[in-house]
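In what follows, chain A forms one complex with chain B and a second complex with chain C.
Entry: the complex of A and B
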């Protein structure tokens, strides 16, 4: 692991310890009250979900055009993180919606496109695990669809009528709501980087293992 | 051409003609004349926020913890196998 990894883990741990204090001290929102505090984990995890889908897509494009196996390892690792953060987004969202909107789920454009993006990431992982030889290229193609879905997920709330808040909410947040949100977002970003590095390391070690098995076969 | 225009105007006016009396019959929205404490609502209308909040934060903590453990375990087992193979290769190289 690189030198920065251990200090970054310590910083991330400290930030995760401080974040709940900031969230607890944030004021209650006037109409939603206590349940609005789900926002401080829902939104950062949604951002990490989209970031993971973009990372997976960009690495897949580079793998498809340059054939660099390192890019394939990054794409695979990012797809796993897209599934993780996507699951967090898709679970915390309905828990918030049940109280705020009176319903767990609505088939509106933001929610449906997010679910679709998450299913693309799941499909990517299934393809890599059970697809056999050649699945790397096929999965890379699938990752492009996942990446193309990202801007659609983001801007959909501004163009379609939906009960989901628009993208204008975050820029207009008062400081009392903004500080815990941005602190939480930076914490999630640091965690994303650490998890991605850890997951890439796993793929690197697997590649080394395959190379060793090949060397042993040649030796025999 | 004039006939067609008249026909289209009539066609557009028909739904409005049926809709206006219906709207006129709608009762005006009721004004609120009392406040009801949340405890007096039937149980199915009371939805406390705390369990939803606790469920959300617990899920986040569990999901992240489970993923870190899963990656660490996979990394550990690959590392173990790597070490075993490397030592096996060294041994076979010496003999």
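Entry: the complex of A and C
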């Protein structure tokens, strides 16, 4: 592990300890009340979900055309994080929506495209887990097609209808709401980087172990 | 040369298929039983639920398509003919295109059966605008088959391929299903709005272009060991 890893874990832990205090101190939103505070978890995890999906897609394309196995390990690790953060997003979203829209789920652009992106990530992991040898290339292809898919899902559902708050909301937030949000976002980003680094290392060691087993077999 | 390889691959598949008609019969029968299951489940006292016909048609196409894709490449896997096909001194994209056309032809044949069946069982006026319907079906089928052919070809070398094909295919082809269903549903309205149908058709066409291009581009690196 690199030198920065242990201090970063400590900082991340501290930030996760402080974040709830900041969120609790933030003022109540006038119409939503307490439920609005879900937003401080929902939005950062949604950003991390997007970041993980982009990381996976870019690494997959590079693996597919350059054949560098390191990119494949990054893609796999990022796909797992996409499933993790996507699950947090998809659970906290409906909790918020129940109060804000009066319904758990709407077939709206963001919800549908997030769900589809999450399903592609789950399919990716299923393929890696049960596909056996040869599934790495196919998984990279899946990630590539999954990325190309996003605009289509977006357009098709957007034409249908949309009620999700737009991206314009974030820059216009008052400071009292903005500080806990950005703090939470940085905390999640740090967690994302740490988990990704750890997961890639696990995969590297697995590859090395496989190589050692092979070398041992040849030695006999 | 390119077009000739496409034609040869297509003719080869067609010749093999005509000998037994295994895939054609099983796919068509499966598509019909699929629609019948929906009819048993949804049609009550002779009345079909409103607005369900478009969805049922496309679900039947997607299910039958998955079955056909799986079977087509299972046949290539037996006695390793896919390897022989890839070893041939032919451009890989041409091989892909030949396979794609074969699947599209098979699915269009299934749709020719499905459309009257859905019209009959769900009292949907599907056949009132046959030209529009044909364009929607062809555009949707190409989009679905473009992704499906690539994934099915790659899955040949992978374990548990039968389960993984639908698992990978459905999340990716969601836009095709949405656009196909919406366009067909718009067509079934008492006064079809040409603008809405054109919008969904344009989306389907974009999807077809992007995904066929992507598949042609990635077929070579994806099929190379």
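We adopt the following convention: the second predicted complex is superposed on the first by the 203 of 220 C-alpha atoms of A that agree within 3 Å, B and C clash if a C-alpha of one lies under 4 Å from a C-alpha of the other, contacts with A are read in each partner's own complex, and residues count from 1 in each chain.
Keep in mind that, in the parts below, a residue touches a chain if its C-beta (ideal position, glycine included) is under 8 Å from a C-beta of that chain, and two chains touch if they have at least 3 such contacts.
In this text, all values refer to a predicted model and were calculated from it rather than measured experimentally.
K.L.:
Looking at A:137, would you say it contacts chain B, chain C, both, or neither? Reply first, second, both or neither.
P.N.:
second
K.L.:
Name the contact category of A:128: first (chain B only), second (chain C only), both, or neither.
P.N.:
A:128: touches no partner chain.
K.L.:
Now for A:110: first (chain B), second (chain C), both, or neither, which partner does it touch?
P.N.:
neither
K.L.:
Applying the touch criterion given at the start, work out whether A:216 contacts chain B, chain C, both or neither, answering first, second, both or neither.
P.N.:
Once the two structures are laid over each other on A, A:216 reaches chain B alone.
K.L.:
Should A:33 be classified as contacting the first partner (chain B), the second (chain C), both, or neither?
P.N.:
first
K.L.:
Return first, second, both or neither, reflecting whether A:73 touches chain B, chain C, both chains, or no partner chain.
P.N.:
neither
K.L.:
If we overlay the two complexes on their shared chain A, which of chain B and chain C does A:64 touch? Say first, second, both or neither.
P.N.:
second
K.L.:
Name, in rising order, each residue of chain A that touches chain C in their complex.
P.N.:
Residues 64-65, 116, 119-120, 123, 126-127, 130-132, 134-135, 137-138, 140-142, 144-146, 148-149, 152-153, 155-157, 159-160.
K.L.:
What does chain B use to touch chain A in their complex?
P.N.:
47, 49-50, 52-53, 55-57, 59-60, 63-64, 67-68, 71-72, 74-75, 78-79, 81-82, 85-86, 88-89, 92
K.L.:
Taking the touch rule as given, give the residues of chain C at its contact with chain A in the complex, in rising order.
P.N.:
The touching residues are 147, 150-151, 154-155, 157-160, 163-164, 167-168, 171-172, 174-175, 178-179, 182, 199, 203, 206-207, 210-211, 214, 218, 221-222, 225.
K.L.:
Going by the contact rule at the top, pick out the chain A residues touching chain B in the complex.
P.N.:
Answer in residue numbers: 33-35, 37-38, 41-42, 45, 84, 87-88, 91-92, 95-96, 98-99, 191, 195, 198-199, 201-202, 205-206, 208-209, 212-213, 215-216, 219.
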